[in-house]
Amino acid sequence: MESPGSILPWDMMAVAMARLLKSGETVFHGVASPLPMVAILLAKHLHAPELTYLNITGAIDAAPLRLPLSTVDPALLRGTRSLVTLADLFDLSARGRLDVAFLSGVQIDGEGRINLSAIGSYERPTVRLPGGAGSAMLMPTARRVILWRTRHDPRTFVDRLDFVTASGNVDRVVTPLGVFVRIDGRLHVESLHTGVAPEVFREATGFAVEVGPDTAVTPPPSAAELAMLRAIDPDGVARSEFA
Amino acid sequence: MESPGSILPWDMMAVAMARLLKSGETVFHGVASPLPMVAILLAKHLHAPELTYLNITGAIDAAPLRLPLSTVDPALLRGTRSLVTLADLFDLSARGRLDVAFLSGVQIDGEGRINLSAIGSYERPTVRLPGGAGSAMLMPTARRVILWRTRHDPRTFVDRLDFVTASGNVDRVVTPLGVFVRIDGRLHVESLHTGVAPEVFREATGFAVEVGPDTAVTPPPSAAELAMLRAIDPDGVARSEFA
Amino acid sequence: MIDKRTSLTDAIAPIPDGARIALGGNTLHRGPGAAVHELVRQGKRGLEIVKTAGAYDVDLLCAAGCVAAVSAGFVGYETPFGMAPAYRRAVESGVVEAREHACATVIAGLRAAIQGVPFMPVAGLHGSDLPAQRGFHSLRDPYSGTEVFVIPALMPDVAIVHVQEADREGNGRIVGTRFEDVLMAQAARRVILTAERIVDGALFAAEPDTVAIPGFLTAAVVAAPRGAWPFSCTPDYDYDADYLAAWVMAARDPDASRQFIAERVFAPVAAVAVG
Amino acid sequence: MIDKRTSLTDAIAPIPDGARIALGGNTLHRGPGAAVHELVRQGKRGLEIVKTAGAYDVDLLCAAGCVAAVSAGFVGYETPFGMAPAYRRAVESGVVEAREHACATVIAGLRAAIQGVPFMPVAGLHGSDLPAQRGFHSLRDPYSGTEVFVIPALMPDVAIVHVQEADREGNGRIVGTRFEDVLMAQAARRVILTAERIVDGALFAAEPDTVAIPGFLTAAVVAAPRGAWPFSCTPDYDYDADYLAAWVMAARDPDASRQFIAERVFAPVAAVAVG
């Protein structure tokens, strides 16, 4: 087992995200989502064998031979016994039958709302972002939304979004520094990852958070978790999000 | 060639219906539609080789080995190169891309509206009819609707429907006695079949029609039409509607 | 993965009286015949049947007193056997409510349920008495100002679909026409598959396009060889014309239909299955 | 039946400036690469591109000055290559209008077009600034009184879809994920298929479930081996990572992107096709 000091942020995030999934749940990730892809497969191989794994390829519970960098890749079709469409998956969420959606934001505010549209003014932005993909529809309709973001700084976790791309049923937010939980519509610090000082977390967060010496520490990846993670993602696709 | 005096009503109807179809058109029939099925195949083998033949099986341009009595029968799938759904076909009509729909009515009025719902009061009918299937949606959206009905009597062609199941773009109505054409929202007699006297037609029709010695006569089936009809429908499925 | 196989009895038993049940297939084809017989044998009452075009299923359930309402676009046996006598009688006598639809509005109602929206706009219906009769509203399009009819969501409590092949996880392969089966399975709270054959689902991975019903939608799978009977099931068997002719004859008379049901539906399943 | 085969040049030529064009595929996969290059070579202007999740297609067309507006839920190269530089620059400078959608609202708009209705209700969008920004209205459900957002119909003038196999009549077989290609083909006024291989359509009769695009929807079929390149095309080839990396690098600079397009898009098709 690797020592706690050597915990790699992508490993910690993948494991923390995987732990949030429960067996029997129906879980979706969209485009540009290596960490959710890895986390879902990890959960499925560990504590949640009866997860139903859905993604934009329309595969159900695919068993990829290799993990692709693109999370719409045909590699994710392997072994599927039926093929649905993205429209079917949005519908599933719309009628309340999608348990978990993984989403992200370039900006995330203290209510767990996200901006994937534009930095600066919307009409003539400083940065035109890629757009929210399915977020505006999934975030209010999926039973639980888990946000993840590989950057944790005040430009990402902001007090005020430049544009609200989507808002909704956020449950947790996982970052390289820790985990937020949403209670009564506000993000609260649930745990800090090993080695993250409370003041580092606070200063990295652009909205007010309560964090201190009593804040819980995210349990580091266990040997079993790390071993399975290495087996599922030998090429380090999860790490690609940190490039 | 059979002599004009021996023209069988199902042959005359099938041929008259086939002649109304033009090559290149997209044509649909629904359930309980042997005559349209035969007429479409006949037209496709004669003057309209580029008809696109659609039916509830979702087959496109199927080439059945035998004609089924049920016009939703899997026999109608033979040779199709793709499979669509009934929903797709309704959508096709809804967006104005269905050229012709064959429909029928237990009652038909002078505007070409139909009743397939109930005889007597709607709530406690004397006769509960099967229902209009797709009619209420197809009749206003298909570019042309061809009605056919194997009974031509005053109980069928009525002045007033007990219930308007559907109303819309009726172009022609083909019966054992002749052909109506709809002009300015009213059915007019276009032609009488061979041997049908004007007064017979008038008395069989429950709404007022102009018909007399000058009314055109439907050209009887040609030798080529009859030969192809026998080849397509050797078992006389078209006749089954007269049982 | 979860093994969802169960007996027909156990699959049907949890359906409560008054349930809204969507039945797969169309007129004489690939209806879930065995499951319909089991509904009759279990004496379900007050059901609402959802179907685009029904025949023996709707007719038999009406004859057996299982039905309160039928939401369908068409009920009849097409040209081979004509009108549905027991359905007719039940509606004419006021025992069953005909919630008449255009087939397209059944589809619209299912689509609304699938898409998690309260209504679905439809083209057509203009000039029909159906919207007034059924209370279908229209709305003004906020973009163009045109009026469009909107059909309320139609969410079945249960969809019962007969497929040629299923695996134990509830993936269902349909050979040939899917009819409205996929829409029903997506729209329903609970999906019961009956299958001619239970097969190794690994085989489906070679041709997932043919697997119409994804297993994660399915609650129960029942091995039901000849389970569409007396409906057809491509390519295994045609509809049973002799049986249906005998039923339609019996269905014209209440006593005869009761006797028919007692002898041929309540008879041992094995005897029925050989038809 | 009608032989709909034509050259890529002749298939693309009738598309007028200002057309609304839906492009099949998703991010790096099975986009109609050859057709996109032909749009650039023919110097189309003022196009509105419709896509759920676009990448090289949208980015290149923006760089080449073909685009007035992009109606999409996402434009980017995912993790491998990140944001779309030319698209970004075009929107940030006000040359291209980002008609931002949720992917689900692209689908809703296509569905409305397919179903011949002026709008499509959608679940979700609550709490998003998108409806206000895009002018998406809400309506009160006449049955329950709840408010629901409605998306206006989005009917493409043309849909361009790359398939693995097509026959001369325009039936298109898609191997693997269909993305929104079928919806686009149904919604569009005109469908252009490009295909890796033109095959004998009689072969499709053995597996019609795999034929995603029925021929009667198709206006033109183009034999285009490697016609998705630089997108992937299962199982024939993966996306061209080297090419895309070079493009994304070039796309960051207007001059470099112009030079790239001159050398690699306007270069002889044969040279491009071997990529």
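So that you can tell them apart, the chains are marked A, B, C and D in the order they are listed, and the count of residues begins at 1 in each.
Here, a residue touches a chain if its C-beta (ideal position, glycine included) is under 8 Å from a C-beta of that chain, and two chains touch if they have at least 3 such contacts.
Fair warning: this is a prediction, and the values are worked out from it, not measured in the lab.
Undergrad: Any idea what the CA-fit rotation angle from subunit A to subunit B is, to the nearest 5 degrees?
TA: 180
Undergrad: In terms of C-beta pairs in contact, which of B-D and B-C ranks higher?
TA: Between B-C and B-D, contacts are more numerous in B-C.
Undergrad: Between subunit A and subunit B, what is the separation of their C-alpha centroids in Å?
TA: That pair's centroid distance is 58 Å.
Undergrad: Calculate how many whole Å lie between the centre of subunit A and the centre of subunit C, each centre taken as the average of the chain's C-alpha atoms.
TA: Distance between chain centres, rounded to whole Å: 40 Å.
Undergrad: Which integer distance in Å separates the CA centroid of subunit B from that of subunit C?
TA: That pair's centroid distance is 28 Å.
Undergrad: Find every residue in subunit A that makes contact with two or more other chains and list them.
TA: 59, 77, 83, 93-95, 141
Undergrad: Of all residues in subunit C, which are in touch with two or more distinct other chains?
TA: Residues 115-117, 122-123, 209 of subunit C touch two or more partner chains.
Undergrad: Which chains are in touch, pair by pair?
TA: Here the touching chain pairs work out to A-C, A-D, B-C, B-D, C-D.
Undergrad: For the complex, give me every residue of subunit B touching subunit D.
TA: Per the stated touch rule, the residues are 26, 50, 52, 59-61, 77, 79-84, 88, 91, 93-96, 141.
Undergrad: Tell me, which parts of subunit C touch subunit A in their complex?
TA: 1-2, 113-117, 167, 169, 171, 186, 201-202, 204-205, 208-209, 211-216
Undergrad: Can you check the complex and tell me which residues of subunit B touch subunit C?
TA: Per the touch definition, subunit B meets subunit C at residues 30-32, 34, 56-59, 69-74, 77, 83, 85-87, 90, 93-95, 113, 117-118, 122-141, 163-168, 240-241, 243.
Undergrad: Please give the residue numbers of subunit D that touch subunit C in the complex, ascending.
TA: 112, 115-123, 137, 139, 141-144, 146, 148, 150, 152, 207, 209-210
Undergrad: If we count contacts the way the header does, which residues on subunit D are in touch with subunit A in the complex?
TA: 26-29, 52-53, 72-76, 78-80, 83-84, 87-88, 91-92, 94, 98, 100-105, 107, 111, 122-130, 133, 176-180, 182-183, 232, 234-235, 239
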